[in-house]
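Labels A, B, C, D and E are assigned to the chains in the order they are written; within every chain, residues are numbered from 1.
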Amino acid sequence: MASSHRFNWAWAWPMWALLLLCLPLAWESRHALGLASQMGIAVLACLSFHVLWGQGGLLSFGHAVYTGAGAYLCMHTLQALAAHGWPLPVALLPLLAGVGTAVLALPLGWLSTRRPGTPFAMITLGLGELTWALALMWPAWSGGESGLSGNRAAGPRWGGWDLGQPAHLYLLIAVHTAFGLALVWAFTRTTVGRLLNAVRDNPLRVPMLGYDPQRLRLMAFVFAAFLAGVSGALVALHQEIVTPEVFSIHRSGSLLLFTLLGGATLLGPVLGGVLMVAVMVGLSGLTPAWLLYTGLGFMLGVVWAPQGLGGLVLAARQAFARGGWRPGGRTTSRWLGMVVASASAVALVEMAYQWPQHDTLGPVRLVAGLALDTRSPVPWVLSTGLFLTGLMVCWWARPHEGHRP
Amino acid sequence: QHGQTVRIAFIDPLSGPMADVGRNSLQSWQFVAERQSGAKNPAGVRFVVAPFDNKGSPQESLNALKAAIDQGFRYVVQGNGSGVTHVLADAIARHNARRPDAPVLLLNYAATDPALTGERCTYWHFRIEADTTMKVAALVDFLAGHPELQKVYLVNQDYAHGQQLSRHFKEAVAERLPSVQVVGEELHPAFQLRDFKPQVQRLMASGAQAVVTGNWGEDFVYLVQALQDAKAQLPLFTYYAALPGAPQVLAKGGQSMPVYQVALHHNNPEGEMGRLAADFRRRYKTDFVVYATQTGIQMLGAAMARAGSTDTRRVADVLDGMTFPVLGGTATMRGEDHQLQLGQFISRWQPVDARYPVGAEGTGHTFAPLQYVDARVLSQPVRCNMPRP
Amino acid sequence: MTDALAVSGLLAGYGQSRVLQGVDFELAAGSILAVLGRNGSGRSTLARALMGLVPARGSVRWLGHELLGLPPHAIARLGVAYVPESRDVFPRLTVAQNLTLGLQPRSTRPVCWTQEWVYDSFPALAARWDVAAGVLSGGEQQMLSLCRALMGAPQLLIVDEPTEGLAPQVVTQVDALLRALSTQGMAVLLIEQKLDLSLAVADRVAVMGHGRLVFDGSPAQLLASPAVVQEWLEV
Amino acid sequence: MSAPVLEVAGLHQRFGATEVLRDLNLQVRAGERLAVIGPNGAGKSTLFNAISGLVRPSAGHIRLRGQAITSWSVHKRHQLGLARSFQISQLFGQLTVRDHLRCAASWPDGQGYRFWRMLDHQRTLNARVDAWLERLGLAERAADIAAELSYAEQRTLDIGMALTSEAEVLLLDEPTAGMSRSETARFVPLLRELTEGKTLLMVEHDMGVVFELADRIAVLVQGELLACDTPQAIRANPSVQRAYLGQSQGSDA
Amino acid sequence: MELLVLSLLNGLSYGLLLFMLSAGLTLIFSLMGVLNFAHGSFYMLGAYLAHSLSAAWGFWWALLVSPLLVGALAAMFYAQVLQRVAAHGHVAELLVTFGLSYVLLEVVQLVWGRGPVDYRVPAALSGSVFTLWNVRFPAYRAFSMGVALLVLGALALWLRLSRGGLVVQAALSHPKMAQALGHNVPRVFMGVFACGAGLAALAGVLGGNAFVTEPGMAATVGSIVFVVAVVGGLGSLWGAFWASLLMGLLQTAAVALDLPLGGVRLSQLAPLLPYAMLVGMLALHPRGLMGQRES
């Protein structure tokens, strides 16, 4: 994994922050706004995971414990605040929740970070499963399977600031995300940040430099927990409900997977977070086959970009720096082949999913006007043919790989 | 409002362990909506039902709800999972408070938790199926006629629906049928067990004479399999023995176990409902079991006709306390708690015969109606005082 | 006699950086070629390239086979053995297991180096035959790495700094061993730091600089040309 | 003569059945250079491991600068002024050469566990690191990833980390191993200069280096201290001849 | 008494099934170090294939062919995908195997539908072998216990005798060196991977009808197998064996006894036990029961 500090982010994060802050102005649709909010939150969560994995080489299978803890802390405070009418602005809850989570992470982190590698991964897995199950078993605190809900518009309002309105909430989220990104970026360039990389690469050597590896790991862990807590709290505010699901192993899983897919550079978690929402909210809304696409996406993604999508972007950037990308005959035709192949593959998949419910859902409509009747053989044969042709083109125009310097 | 299109968002599990039930419900809604669109409903509107998969999770349900609202849906139907219903009801109440101009209505077509029309009732939630207290009433009514069944064992899912069923069953027998005693009770995690052997072992050990379960979907299937493996013969009282997948399994046991079902549904309805069910089976190759969908569409049609509009606010006000025609009678949406007052069938699992020729899921067996328990019998006292806009 | 190993125009490197800029040399069976050079001059890269461990271009012919493009295990099965400078013993396997892995699957060559032989000639290993190789001392690991390579009864031995970390006595022992091997007809490519040792052992010495062989001749010739030593070996 | 800065008393080191170090006693005076020699597997590196805390001695005591450190953790020992290099280089694969030295210099520079200060802004630290890069001859490699260094460069970096920490007591395990003769020739004087006024323990098989650098030589055989004396005495010592030097006496020297 | 004996037997048979599952993972995860997230999916695929095959040719053929098919598939996957990314470390492997698990799940649901399929115990084995205190012990359970023990024996022998195990362990630390010694590391890895997958499938064939064959079955065993592998100790077959038995017994005992403690009942805690055990084990003794290494 390429360590993030080798790529200058000095300009990147303020621009990103600016972009985020401008989005709601650009968008009318509440749906798009919702998506953007979720992306912001997801990015924050992935950033927190990045601190552990990208910087510390710690692969956590139970990170949802901390996002979840943040969510519940936030929700409980929100309810209390609504109940007792505390003069505490809701906008501050995420930070509070973050701090609370960090405190919580101290003992758990101490337990988890004593050893890196598999023991860490598996302890976090265990803690994750335990927390999830316990939350379900303790409805008094977790609200049982239908969870706790609250009203984010509660609490004192200052100067027309009304979190009830999506745009305002969005701004809150954007600020936190930008702030988190800046924080992580800075962290990667501090002494501790660098030593953390050292621990990641060779834990045996670090003590000989006067530092206690576990303490370094623990610091990273607590910092990550803080970010996770903040993002969890934002989820709570965005959804206005928290269920034990926030602890589910699937949450931890998707956090892990998409951050890894993003890659170990600071760009990774950003891409990962955006992609996570795009897939799990966007794609799953578009097609019943979204899981299949996700699975294939992971496989191809890793085969093509083993360093993660972030790595891919950086590589492209360097490629441009070195005289740019010359679309030679081969490259273009390869891309063409890929497009054809994947398009027809999508057609096939969609038809495969549709034909059992042909009567309910009728023919497959990929693009306006084009209707594929899943019961006539024609579209099947056609798209299969196209698919194979596409593959053949790709193969014929494949790059001369590997064995040359 | 004539000629208008009413878009209804269907939010229920279309993937995961509850997917089969969800998909069947979706098909029912779409089928009924199509069948009653246009001239066939008093309001002359066109009903369209769009699916939103909530993967059975409250969180996802909220995402789905957000998406639906953003896409301009104002009518939401949901039922598979009382937990989810609670969440949606809360969220919708919040939303309607924030955007009073275009409120959202929630038609709950299956979720049975009484709290939905009790402690936690809201103005925007309408239940068009009997709640657990009513179904239990029907059960107790039936058990009263079977004095030989003294020892009852409860097996339920450990979430709102199952918990409430256990609780209210115990209350009801304690109150109205003291002769019956509950000799044991299981509350197992919902949709997580694959093997009910231990539960069944305890059940058999308890010397029970009858089992009552509200389990549905896979939890019902696996329970029955375990019972069959244990060669159990005691009668099984159920809510959801006709939902997709269940009859197949029951049929494997043949008649080894007497099975009863308390539901709006049985496999051999007469008249229009019969034709409807037949057409449905012809089209989807599966049974039409969610009758509440039919009731729901009829109710909306009637309400819109009366309101002379499809505007949710107006429709809600009309629904509040409205009595309207349903297949084979009338039903009333009680104003105080928005709980539909409608009777239930108690049906029995038996081989198809001349009188009841239609088998469940194409098996040689069917649910044949034993008795129709009238709404008046089922009706329960109001336990709700909702804030009204 | 014929040249068993013929390398010509060998280019190799890592990613963008090119290390070998075109290396040519021959190596006859039964002779020892010592490759000298400054640190970082690319000698280990040469070894790796011959073994198929780094992407390379050019031509490497060994007993009539073209080695380039073959995967390492195929090369090894042609009787080529490699002792890396970083020893690379398998830390979690015992010494004995490490040696076993030196034996090649379905090898047709006669096995002349048995574990007994190893333990006799390197008592240090004999004492520790059943401990995990990872805990061996540096020198012990070096011996193990060498013996492991010999277990496969190779005909070409590529050794990268075999005497590093060895006590003087053992160093002399290894010299003797290498000489013995070559007299038994094995071709040895010796990458060595210690000039005097190389000169003593090798039949021919090559000097590498800037990714090329800047000198190739007998030890005597090298000593006779102080310019080369001056430019490519001294600081 | 000054009090010993490092003192090893009655040190035993057992691993299961094998006894690697037997009743080892050793005193090192401040500012002296002690070379530890001995056949392979004699226990030299193990001795270093025990002193630096990588293994817990089975018995015996270790005192560093007057403190009993026998049960101290590794990093505490370093904080007390003990640094070492490894026989088999221990580097951070993904870090650049510069960052290696930065990490090594952080503690002595008083950085502690600071997570609010940017590395780039630590003037003294960076100045010190640049100076060391020059001295070690790694300056032009400063921006490269450690994994891309050649073997000898990696060895240099490993030793460089020990030196950069500028600790009182240095343990170097075969510093010149893997270095070509010329590199060694360049390195030895450097080493002498850098360890001026510091205490140096080194394991070395290159007798040339040993006799050139060491004030005293300790000969370790089979985990026992065979002799500990001035180079001349050791060179003359017949049992050492037999046990270690062999005929190739002072090879390469 | 009966209850005790019965749950003891149930525990054993469940434990042994668990072992068969984790035996495969012991090969793939703790030997090869591949974080294989598709293991549960191979288990599921095995069950579904067995369902169809036994419908076509009968159970015994299914028992034989289904694991072979899955093994072949796994081998192809390894050669085509896993091998390419292996160079980039375990994270890449984790991702692709995870992707595979999604794909397999969806494919299975496309082919066999989203509900459970009716895969039943073969008639030949549906009887019961013996009866203790009128507790019938199903022949099928006995049979699958036997198979599990057979697997254990075979694997133990293979690890003892063949050099494959050695090569894999060696390649774990220095893949290139192992290859440079003339061992075709990629092929060995492919073989071991396929073998592990085949074992998972075998577990599927036997577990699919002992329990239920449905799309969720992969997820249910997904993480428990890792728990077994780790509690047993990485790289240790016997460790995995004892760990599986331990878990099987603990869980069934917890469910059967079902003592009330505090607010909850023991049976509710049953699913937690393995993870509690995992955390405890790692906290106190990270090498697991008989592990050779920590990571």
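Heads up, the rule we're going with is that a residue touches a chain if its C-beta (ideal position, glycine included) is under 8 Å from a C-beta of that chain, and two chains touch if they have at least 3 such contacts.
Please read these numbers as outputs of a predicted model, since none were measured by experiment.
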> Going only between touching chains, how few steps reach chain E from chain B?
Replying inline: 1
> What chain is the most remote from chain A, judged by the mean position of CA atoms in each chain?
Replying inline: C
> Rounded to the nearest whole Å, what is the centre-to-centre distance of chain D and chain E, using the mean of the C-alpha atoms as each centre?
Replying inline: 48
> What whole-number Å value describes the gap between the mean CA coordinates of chain C and chain D?
Replying inline: 29
> Using CA atom averages as chain centres, what separation in Å is found between chain B and chain C?
Replying inline: 78
>> Using mean CA coordinates as chain centres, what's the gap between chain A and chain D in Å?
In response: 45
> What positions in chain B touch 2 or more of the other chains?
Replying inline: 15, 23, 189
> Which residues does chain D have that touch at least 2 chains other than itself?
Replying inline: none
> At which residue positions does chain A touch at least two other chains?
Replying inline: 1, 291
> Any idea which chain D residues touch chain C in the complex?
Replying inline: 15, 18, 38-42, 44-46, 87-88, 148-153, 173-174, 177-183, 185-186, 205, 207, 244-249, 251-252
> Contact residues on chain E for chain C in the complex?
Replying inline: 163, 166-167, 169-170, 172-174, 176-186, 292-293
> In the complex of these two chains, what residues of chain E are touching chain B?
Replying inline: 3, 6-7, 10, 114-116, 118, 211-212, 214, 216-217, 220, 252, 255-256, 258, 267-268, 271
>> So in the complex, the part of chain D that touches chain A is made up of which residues?
In response: 52-54, 73-75, 78-79, 83-84, 86, 90-96, 99-100, 102-104, 106-108, 111, 113-120, 122, 161-162, 165
>> If we count contacts the way the header does, which residues on chain A are in touch with chain B in the complex?
In response: 29-31, 34, 136, 144-147, 149, 151, 153, 164, 239-241, 243, 245-246, 281, 284-285, 288, 291, 357, 359-360
